[in-house]
Structures are given as structure tokens and as C-alpha cells.
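Common to both upcoming complexes is chain A, partnered first by chain B, then by chain C.
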Partner chain A sequence: MVEDDVYRASSQYRYWSYTKESLARIRQNTNDLASERVRAAFHRAHAAHSAQNGGSHDGASGGDVDAMDIDVEVNVETLTVAEELKIVEWGCSKIMAMGEAMNPRIPSHIVATAIQYLRRFYLTNSPMTYHPKQIMMCALYLATKADHFYISLSKFVAELNNVSEDDVKAPEFLLLQGLRFTLDVRHPMKGLAGGHVEMNVMADEGRLGGISKSTGSAKRIGIAADQAKRLLATAAQMTDAYFLYTPSQIWLAAIMVADKELVQVYLDRKLAELPSNETTLPLKQKLLSTISACASLLESYRAPEDDATQRKEMGRIGKKLIKCQNPEKTDIVAVAKAKVAEKRGGEGSDAEKALKKRKLEKERFEKDGDVFGPDLRSIPGSGTD
Partner chain B sequence: MDEEDTTGANKCPVCGSDPRTHPGLRFKINTKCYHRICEGCVDRHFSSGKAECPVGGCHVSLWKREWRTQTFEDLKIEREIEIRKRVNKILDRREDEFETKRDYDDFLELREELIMNLVFRTDVAATNRKLKEYAQANGIKTDPTEATSEPGVKAVKKKDVAPDAADPSGLIKGLKKIVLAKAKAPYDPFMGMPRTKDYYQVDDKYVSKVRGKPADAMLAGGYDFAEYMDECLLRAFAGLGVFIEDEMSTRDNTAIPIPGAA
Partner chain C sequence: MASSNGVSPLMPRSPSNINANMSPSRAKSLTMRKSISKPPTALSSHHQKPPPDFDMAEQMNEEISNKYVKGKKLGEGTYAIVYKGHLRSDPHHAVAIKKFKVDPSQQREGLNVDTIREIKYLQEISHPSIVALLDVFSSKDQNINMVIEYFPNGNLEELIRDKTVSYGAADVKAWMGMLCRAIYFCHSNFVLHRDIKPNNLLIAADGEVKLADFGLARSFGDPRYQMTSAVITLWYRPPELLFGARQYGGAVDMWSIGMVFAELLIRRPYAAADVANQEVLATGGGTVAQLDKICEAVGTPNEDNWPGVSKLRDYFDLEKKIPVRDKSFYMQMFPTAGSVGVDLLMAMLKLDPRKRVTARGALEHEWWTVDPRPTEKEHLPKQGGGASMMAAAEASAPGAVNDENKYKGVAKKLDFGGARK
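Moving on, here comes the complex of A and B:
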């Protein structure tokens, strides 16, 4: 199909589509790597600390942890994959809240883009390395820029509490790196709008079987579409739907959650009208099973505010994260600055360099004598006396 | 053409004027009968349109514009040059149009033969007929006045001749075949990208449906509802038949670069 090839050309398909297994594998890898690094960082911090305090603990510097010592810090307990995911989801819900609180209110599809940025970023980065609260503002700001809803940085910062411009700017390159520099996110929202119109037209023409104009089709389709829209703004963002399914499957699944019969009749009709008829039957089977799998994924989502146990769980993970946060990456502004400085070759700023150069020159002149050469009298053979 | 007129006394055969008696007398000739008369006689006889040659016994009818000043002293040469000019204009082929050198030489010989036929008045009718046929078959205008008088003749083409034959009249042999340039396909700015979609077709009904509740951006000048609808429907169906579970399991995309991992 022509449309499928259009989707296959997108970066979302090429870089950000995974099977369930590969998704789990990537997250496990990321988690392992980050845990290792957190431990190494604590080791280093501890070694530096003990060196300052007299350097009596030779065990810590060697990496061999002494159980008798105060090495609770070194034997740090890291987050599991599931806990990491919870933290990321918390970040996503924060982005959503931020978008709603902004003035002007940020449209839901831009918030959705920001959420997907965050989710993609945390596939290869761990919350233990960079806490979502550091990244999420930048993700939202980047999404407004990428999706044509530009707000100036000062205005953006003014809408948020206790956030400086540097906090938003600093992780930008890091985030882009994590996104592999692909800013395009294919959302199912626009597809839903198109599908809604098409369903309405088909119902008006009586092509949707039992769902026709006489039986109040417009209302039924409208209700289903509204519910689907809400689902797409919440459940689709908070689950892995974007990684596992294509946008057109997601919006159909969202309608399926709202009105199963409607989707079935609609797809029946749609596939019957396809130009090539020989492959439609297996295609239909597969499509229906895929969509219902996606629908059950969407249905399984519950908003975290719903019950107290989830909130409690979040509190526990938050506390745990405070303990196992990578100490070298907590100040993201400093991390970004260090990276920039590293890029410049470890030297200081330009002004410093210029100053150094001038100083060197001055020294040389002082050694040689005057800028305009030595005194005339001291030139041999030219003096009168 | 009479020998006496050109070689004899240098005087006008019509009025008998002589350069000795009339200083500054100029003669004119024509390329049909090659009679040579003085300028004054041309003016006198031909100022009122077409007339017969005033030389006694000659009944060639001429226009005034057909009289011109003589280029060569010898009228025989004048005539031969004129014939050569005319035949060369019709039988105008370059060497690279022939298959072999030999064919080109044959053509040159044929042309020379035709010219000499005309010069020495042997087989004049047959030669002229050949030239005329050739000119007509190849669409060469021999005489501007002639072509306008009978426009239908030129358009007639022989049906039994192959369309790629270089000479439809068959007079000249050994010409290379005309290679007809293949008709170019019209330029496709989409470079083969299909412009019709499989899953949907944007209908006017969709457009009128969506027009009901336009957002602010849709009210801007140049906003096209059909395009909006097309975009929405493309998004709705792009990737409907893409099953990531199947397609990604064959590809190993877990080996993604982890930033800062190195």
C-alpha cells in the first residue's frame, strides 16, 4: 500500500519502533549500564571523601569494598527497570500538567510530542543518570519549537516556578542526542480527525451497515471519537503504544475501546473497498488482532491519581531515586558546561586565552627591551662617544 | 540562346543601341532564355507587368524582376552556374548522411550528370521531372511562386515508402536511415511516486463535512480544506498495514548507539 510506504519512510518507523521483547531488552541494558555507572560514581566520590579525611580507608580506593566500613553508600541500591518506567511516567504526567498550566495553554499534540521525546530519551538514558525533572522542561520547550508553537524562552520560564533559563537550555543537546536527532513524531490525533470525518460520511451514505443516519449515527460516532481523543491524549502517551504500534493502528484501537462494533464494521467496509482483493482476508485478521492488542494496552492504563497505593509506590521510588542518583550528574547545568568546555579542548574561555597571549607577548618584549628597539646609544658603532 | 547575340556586336538586339553611341548603356539578362537587352528596353517592355521577351522569335514570358545584371562575361557560364545553383539547392546532401564514401561519390556523380543534362539540354524534361519529384517528396520548395500556386501537391506523401527512408523519392541511394528520436515521456515532477492512494480518496463530501467548524488557522487566505482532509486521511491510514511486531523482529534495531556509553 502506498500509505504504508509513506509511514515506513518516517524516522518513527526506522528508529523508534520496537517489538515488546526488544523494548524490554533495551531498557534492561540501559538499566544495567546506568547502575554500573552509579556504583562507579559513588566509589569515586567515596574515595575522594576518604582521601580528604586522612585517607585511612585503603580498601575503598582499591575498589574492594570493606563490609565493616561505612560503605552503605557504596553498596547503593539501584532502581529496577519497572521503577525507572514509573519515574518516567511521572515525568510524562508532569509534562502534561505543565502544558495545561501554561498561558497560552500548550495544545495537546505538542504536549504529546514532548512526552514522546521524554519516553524516547529514557530508552537509552536512565533516570538514575538524569532525573526526569531536569529533562522534562527541556522536552516541552523543544516540542514547542519543533511543532510550530514557539514560545520565547523568557516567557516559557516565567510560566514555571523555580526554573531558570539555564535549567531549560542546558539539557537540550543531551536530549537531542538521546533522540538521535529525530524530532518528527507521528501522532494518531490527526488520523483520528480524518477517520472521524470519513466514518460520518460513510454512515450518511448508509455504508456502515446498522450504523446509519436513521439510527443516530452522528451522535454515536461523535461520542466514540471524543472518547478516543481523550484516550489518545492520556493512555496512548502513558503507555508504550507509540513504540509498539503505528499511529493508524493506535487511533483505531482508541475507537475500539470506545465502540468495538463501529471499528469492526468500518474496517470491514474499508478493506472490502481495497483495490487488491486477494490479500484482504489475512490482512483483516491480522489487523483486527493487532488493533485489539493495542486496545487492551490502552485500556490497561490507569491514571496514577486514581488510587492511593500507586501514589505511595511513587513516593517510595522517589525516595529510592534520591539515594541512587548519580552524584556526578545531579547538576545538569554544570554537566552541560563541562561538556562544552571539554569540546573546546580543555582550555579556558576565549577571553582568558587572549589575556594569556598578551601576557606572553609583554614578557617577550620586556626581555628584548623596548617595542621600538633598544636605545640608540647602546647600538655598537653608532655612538659618538 | 543564339550564339550571335552574345558573341556579336555589343548592341541591344531590340532597340539597336550601342555603348559607343549611348555612353553608360547597361545590359540585362534573364535566366530563362538568356537574351541580353539594354536597360531601357527592359523598362519599356516590362514596366506594365508580365510580357514576352522582346527579342525576335522568342516567346518566353517574363516579369521585370527576372531581368538582372550579368555576372560573367560568358553567358554559357552564367547559365551553367545558374543551373548548378538550382540543382544544388534541391539535391542538398552532406557526406555524413551517406552510409559509405562510395555512396556519396555515386551521389556526386548523379548530381553532376543531372546538371550536365540540363546544361547540354539532353533529356531536359526527364531530368526536370526527376528533380521535381525529388523536391516534392522531400518537401523542398524549389520556387516560392510555384509552391503557393499549388499547395496541395507538397502535402502528398507516398504511402508505400518506409517512414524512416531518408529519401522517399528513391532518387538517391545509400543514404543512412533516419533514426526517429523516441518520444520522450512527459516530465514527471513526482519521480514515479504514486499520486493516488490505496486506502482512501479525498471526496468533496469529506471537505464539506469538515468545513462545518473551521479553526482560526483555516480561515486564513489560501487555506485548502481538501489538502487538510488529504493530510488527515493520509495520517489515518499511513502504516495501517505495517505490523511492527513482524517487521521489527527480522531487523535487529536493539543495537542502537547509547549516547555517552563509550
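Moving on, here comes the complex of A and C:
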């Protein structure tokens, strides 16, 4: 088995690799389904309480109405796919912040696993159904268990504000199901570390052309690798890189962002080592265009905290989400319990209970206007381990 | 309600090329996996219609769950219940369904890590000599069910002990070949099994022996992270783990394989500490007793034959001083292995893990090329105690010895060797 075959046997390839088009299609499906459900849920709530119209039109976001028909009776404006993605991205950045704030600090590759869990989960689930704030802690905790970084749940919870053990573990099953019971995530970080070493060796042996010991190759490669490492911890996590590219494409792309020539020379050398020469030219072109595409994706990422417009946009989406959050799913602990009950055959009372809770919660939200929790803490881009 | 095209979007990017260059069983398992992603046209024809409020993920789960019919219980352990089952579409296609027990008192931290890791690694590893995970689904009560191949013939431990079964060097070579290929595959995927023993080697319907039970498995290769030394069932645990090593690699599995090899040859465990005394075990005496057995069977570890051994965390000066056993000792002990077979066995049972043969080295050994040729798998003896023995292996807690009657008093749980901390 060559390396490619090994990767193709992985669940990351089998279940979680897409083309741009297929990725967009899935997200649209998920969004359609969730929007329908949100409307139905509001409809039920409306009927049940025979209250007046939900009155959720705030007019501020008229341009974002998706192409769906809006229920005449219960006028709910649902999120678009792009808006959902922003919310998920927010959840990812919170996971990163949690991992860093935790004592002991959660290693960056485990944080990255958790982020990918969240991103995978939201391919088939909408933030309108489950807000990332309900799922993200569970994703991080699950990643520590799956990736052998033991931390007790009580300690984990103690490190977070106002979170109960139930809040963390209640959605575990839901999450596992959304992950299709695949827990392994192949990261580009190890490949980068190996590539860094290999590039140094090649430079020392004079196999990287102009990039050699005498021209200060170690420093140049080191700088590129550092920048790449930062990209892998941020841009690679916050974009669709993992869904669209393989780990080795991602780390090469990250170096390419830092030092294009370095990657080109390196690939030239590696391809020259291949036995047959006829196939290498088209192969090289294909490889370079794939890596370049991935590099542009990584480069295009801007952290919201560096960007006032994005922050404002996030605020707007957050407000919109308050009004289209599926009222039957806001209490994740109740939802998890209801799921069990539902599967056992009993239906009804739990949904009502959840609704009541939602009402209370909504009142609380409106009081402090703080759906998104406190401001994002600034996230240092460089993972030190 | 779900729009009819709203389900199962998670199609692999290029499923058509996945089956190229693939063994039949791998291809089979993938075919089954692929069928998960089929459009849900058949959904409505199943006996149970999902409630309208099912999420996309739940609908997919329901489809998988509906593919199987759960049959009679094969066995039950501390860890799981194993049922026989079959495909709804083909009642002759038997499977085993391993349902992990959900015990709320043991779920204080959510789902048990052994379960999580077994699922994690089996999802990634697919090899003709490794038990195939066909599907995972959740059932009511939020239990996790793993659908695995069905093993009607039990496991190697039963076969070794069943004196009515006779087998020879060619059979041992065939089994060892399967085991070595399985572990080479794991190691080249950076996965350590950490619980290799005859009990976890299941005998398939066609005679193939397959490595099972990945509850103690983990990935390796990152020297920055320490691992626990409390893995591998005592009799198969290598000396470095008995001495508390926290950083190790594939060599730990290779020692276990060497012990399995020896056991296949002499039909009893080669270095087996007396585990009858619970008290001794409970105080970590198992570690001392096992090291004692290793001194007798292999030789006493010291700085000469294993530079650095005395630096290991739990190292202590061993009472018995026995020089490393030489080839003539092994030849006498394992006459059926032949001279080249003994060479391989000795390479697997090197005290110093750095000198121990790797999985690749084992596969490249001369033994495979000398007589006798390994038996064709269809001619291998298959009486490993029947399906209930598969269940016994699958349902038990990892690291535990299964048959309490046979090993009266054996600790059900791992001996965590904590006495000399």
C-alpha cells in the first residue's frame, strides 16, 4: 500500500472529503431542512400558545432572506448557508479559546480535532437547530477522550464558566451521530514538522538549488515553517481546507503562502526522484494548481477579531439567530433526554417542557443581549506545541 | 419533513476508485460502508418509519440500523453484549452486533474511552487479518452498536487449549503470517494494538485469523506525549512496560506476538505468572511475578543485555539472575519451530525493545521462505470454541483474561502494577 492508499482508506477521505460543489450542496440541504423545521416548530409553538404572531421581523437584514417561502402565518426569517457558516466559525474560535484557557492547556492538535468535529457536525446539522455554543464544549471534551489527553469532566467543567457536566456530555451522542461515529482526524501539522526537517536536510545537502546552507537556508526554511504553522492553527481550521484538501496538500499550501519558491524547488526535487519521467509533468502541474488553490483559500482567511466589518456582521447574524433558533432544541440536556424518550416511544411532554425552558431562556437572552457570550478573547496565532 | 433529496449527502468524493487494488474482504466491507450513503429510496419500505422530526444524521443512522436484524444473544461481558445478526436483505449474511453497555453509573464522563477508541481505530483500519467493522449505529436508549464480521469459530485461545484439535508447524506459520501482517498494517498506520493475545485472535469462517478488540489501541509516534504502561494482558506484556516505560513503540506488540508464537508452539502460555492469588495481584505483585517468569523464559534484563533498563521508572533489581537464553535452549523448548523459526521467535523476544524485531522485519524473515509452507487458510483447523467464544472475547473488558474458571482468580481488570510506585 502506498501512502495515498492509506489515506484513501481513512474515514477522513471516505466520509469527509468533498468537492466545493458537493460541499455547497450538502450545506444547502441541511439549511433547507433546518429552515423548514424551524418554521414548523414556531408554527407549533404559535398554535400551542395561541399567542400573537412571532413578530420576528426586525427589517435590518432584509437582503438576507433566502429563496425559501416564508410561512405566512409564522413569519420566521431563517439563516442563509453563509450565515450558518459564520456561526460555526464563531464556535470554532471559541473552541480555540477554550483550549488555550484550559489548565493544563489542551494541545493544539487536539483543539484542531475538536474544531473539525464541530465543522463536520454542522454539515448535517444547522446552527438554527443546535447553536454551536451547545455543542462546542462537548466537541472539545470528546476530542480529549479520542486523542488520549485525559482530563476529568469535573476538572474540564471547572475550567469553564457556568457550565454543568450535563451541558458538556448531553450532546455527546448527538455529536457522535453527526460525526457518523468516525473520530479520527488527519492533521497537516505532523506533515509540516516532517517537511521542515526534510527541507533542512535537502538544503544542507545542496539539493534545494539556490536555497542552501551558504545562503542561510535554515533561517529561511525556519521562518516559512513558522508562518505555515500559524496558518495551520488558524486559517486551516477556520476554512474548509480539511474538507477540500488532503493533509499534505494543506501543509505544502501553508508553506507556499509563506515562501512560494521554497515549495516549488522542493516539489521539483521530490518529483525528480520519481522513477518515470513521462507522467511527472502533468502530475506536477496538477499538484501545483491544487496546492495553489489551497494556498489562496488559506490566504483569504481573515480573523474576525482583526476586522471590524466582520465583527459587525457577526453581531447581526447573532441577533438574527436568536429569532430563528429552533425553540424546541435550545435546551440541549432536555433535548438529549427527549430523544431517548422519543425513541422509546413516548412523545409529547418533553417537547413541551423544552418549549417552556426555551421561553425562560429567551427572556434571559433578551435581558442581557448576550447570546454569544463574552467577547472573543484575542487568539494568539501561534500554537507553541 | 425531510425533502426527499435531503438525506445522505456524505458521499465519498470518488467512491468509484476506492475498490481498486483491494482485498475481497476489504472491498466487501467498503461496499457495505458505501451502501450507507445510498439515497434513501428504500427508507419508506422499512418496517419502521422515522419520526418526522429526525435530523439528517438520525435518518442516516436509522437507515444503517434498518440494514440489520438483531438475533439471539451470543454472550455478555462487563463491557458489551454481543448478538448474532444478519443483513435484512440477506438472512444468510451473518454479522455480529456488539452493543456497548450503557451504565449511567459508569458514564460520569460521558461515553467510555475504550468504546470511543475502539470505534475510532476500527473505522480507520481495514485489513484482511483485522476484524472488519461494517457499520456503527445507535439504537434506542442511546446505545452504540458496532456491526462486525461474524466469527462462528471462536478464537485461538480455545483452539490452543482444545486437545482434540491437532495442528502443526505449517498451521502455526499460517496464523503467524496473518498476525504479523495485521500488526504491520496497524504499525504502518501508527496504531499500537496493546492487547494482543490468543483470546483476541478470532477465527473467521474461512479459517483466516483476525486481530480483534481495539479497546486499548492508540496512535503513537509523537515522543512529546507519554503513554500509560498499564496496557497489554499480563502474560503478554513486555518487560519495558512491566518496568513502567511511558514512551514506547511497536516493539510492545511484537513481544506479545512472540509470546503468542511460543504459546502456539507449546500449547500453553510460555511465560505466565501465577495469577491465582488475588491479593498478590491487587498489590501489584503480578508485575513482579511476571518479570520472574520472563527471567526464566527469556533471561534476566540487565544493563549488559539492555543498556538503559535500570533508568526505567519502575525498574528494580530482579532476584533471579539468569543469562539470556541461548538458541540451544529455545531449540529444546520449541523443537517444532525449526532452527529458522526459533531465530524469529528469539528476535521477537529480545529483552531490549530497541533490538526486538519490527513488524516489517518479522515479515521479511527467512522463516517464511523455508519449509514447511504455511497451510492454506481453508485447510486450517477452525475449532476455536464456536461463536460464543467470539462473544466472550468481544464482550470482555480489554486487558482482561476471560475464562474465570480456567484461570481461577485472575483479576478481571488490568493489573495496574501500582505497588512499587
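Here, the second predicted complex is superposed on the first by the 316 of 385 C-alpha atoms of A that agree within 3 Å, B and C clash if a C-alpha of one lies under 4 Å from a C-alpha of the other, contacts with A are read in each partner's own complex, and residues count from 1 in each chain.
Following the convention adopted for this analysis, a contact is a pair of C-beta atoms (placed from the backbone, for glycine too) under 8 Å apart; a residue touches a chain by one contact, two chains touch by 3 or more.
Since the model is a prediction, treat every value here as computed from it, not as a measurement.
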| item | value |
| --- | --- |
| Which of chain B and chain C A:Ala236 touches, first, second, both or neither | neither |
| First, second, both or neither for A:Ala228, with chain B first and chain C second | neither |
| Touched partner set for A:Ile26, first chain B, second chain C, both or neither | both |
| Touched partner set for A:Arg180, first chain B, second chain C, both or neither | both |
| Contacts of A:Ser152 with chain B and chain C, given as first, second, both or neither | second |
| Chain B versus chain C as contact partner of A:Asn125, first or second or both or neither | both |
| Partner chain in contact with A:Gly194 - chain B first, chain C second, else both or neither | first |
| Which superposed partner A:Ser11 touches (first chain B, second chain C, both, neither) | second |
| First (chain B), second (chain C), both or neither touched by A:Tyr141 | second |
| Contact residues of chain A, present in both the chain B and the chain C interface | 1, 6, 8, 13, 15, 17-19, 22, 25-26, 29-30, 33, 123-125, 174, 177-178, 180, 190 |
| Residues of chain C touching chain A in the complex | 1-3, 5-6, 9-13, 18, 21, 30, 33, 36, 51, 53, 55-58, 60-61, 107-111, 113, 116-117, 119-121, 123-124, 126, 136-138, 140-142, 144, 188-189, 218-219, 221-222, 224-225, 227 |
| Contact footprint of chain C on chain A as seen in their complex | 1, 5-6, 8-11, 13-19, 22, 25-26, 29-30, 32-33, 36-37, 107, 123-125, 129, 138, 141-142, 145-146, 148, 150, 152-153, 165, 168-169, 172-174, 176-178, 180-184, 190, 336, 339-340, 342-344, 347, 385 |
| Touching residues (chain side chain A, partner chain B) in the complex | 1-4, 6-8, 13, 15, 17-22, 25-26, 29-30, 33, 123-125, 174, 177-178, 180, 186-188, 190-195, 197-198, 200-201, 204, 244-249, 251-252, 270, 274-275, 283, 286-287, 290 |
| Touching residues on chain B, where the partner in the complex is chain A | 194, 196-200, 203, 205-206, 209-210, 229, 231-245, 247-249, 253-254, 256-261 |
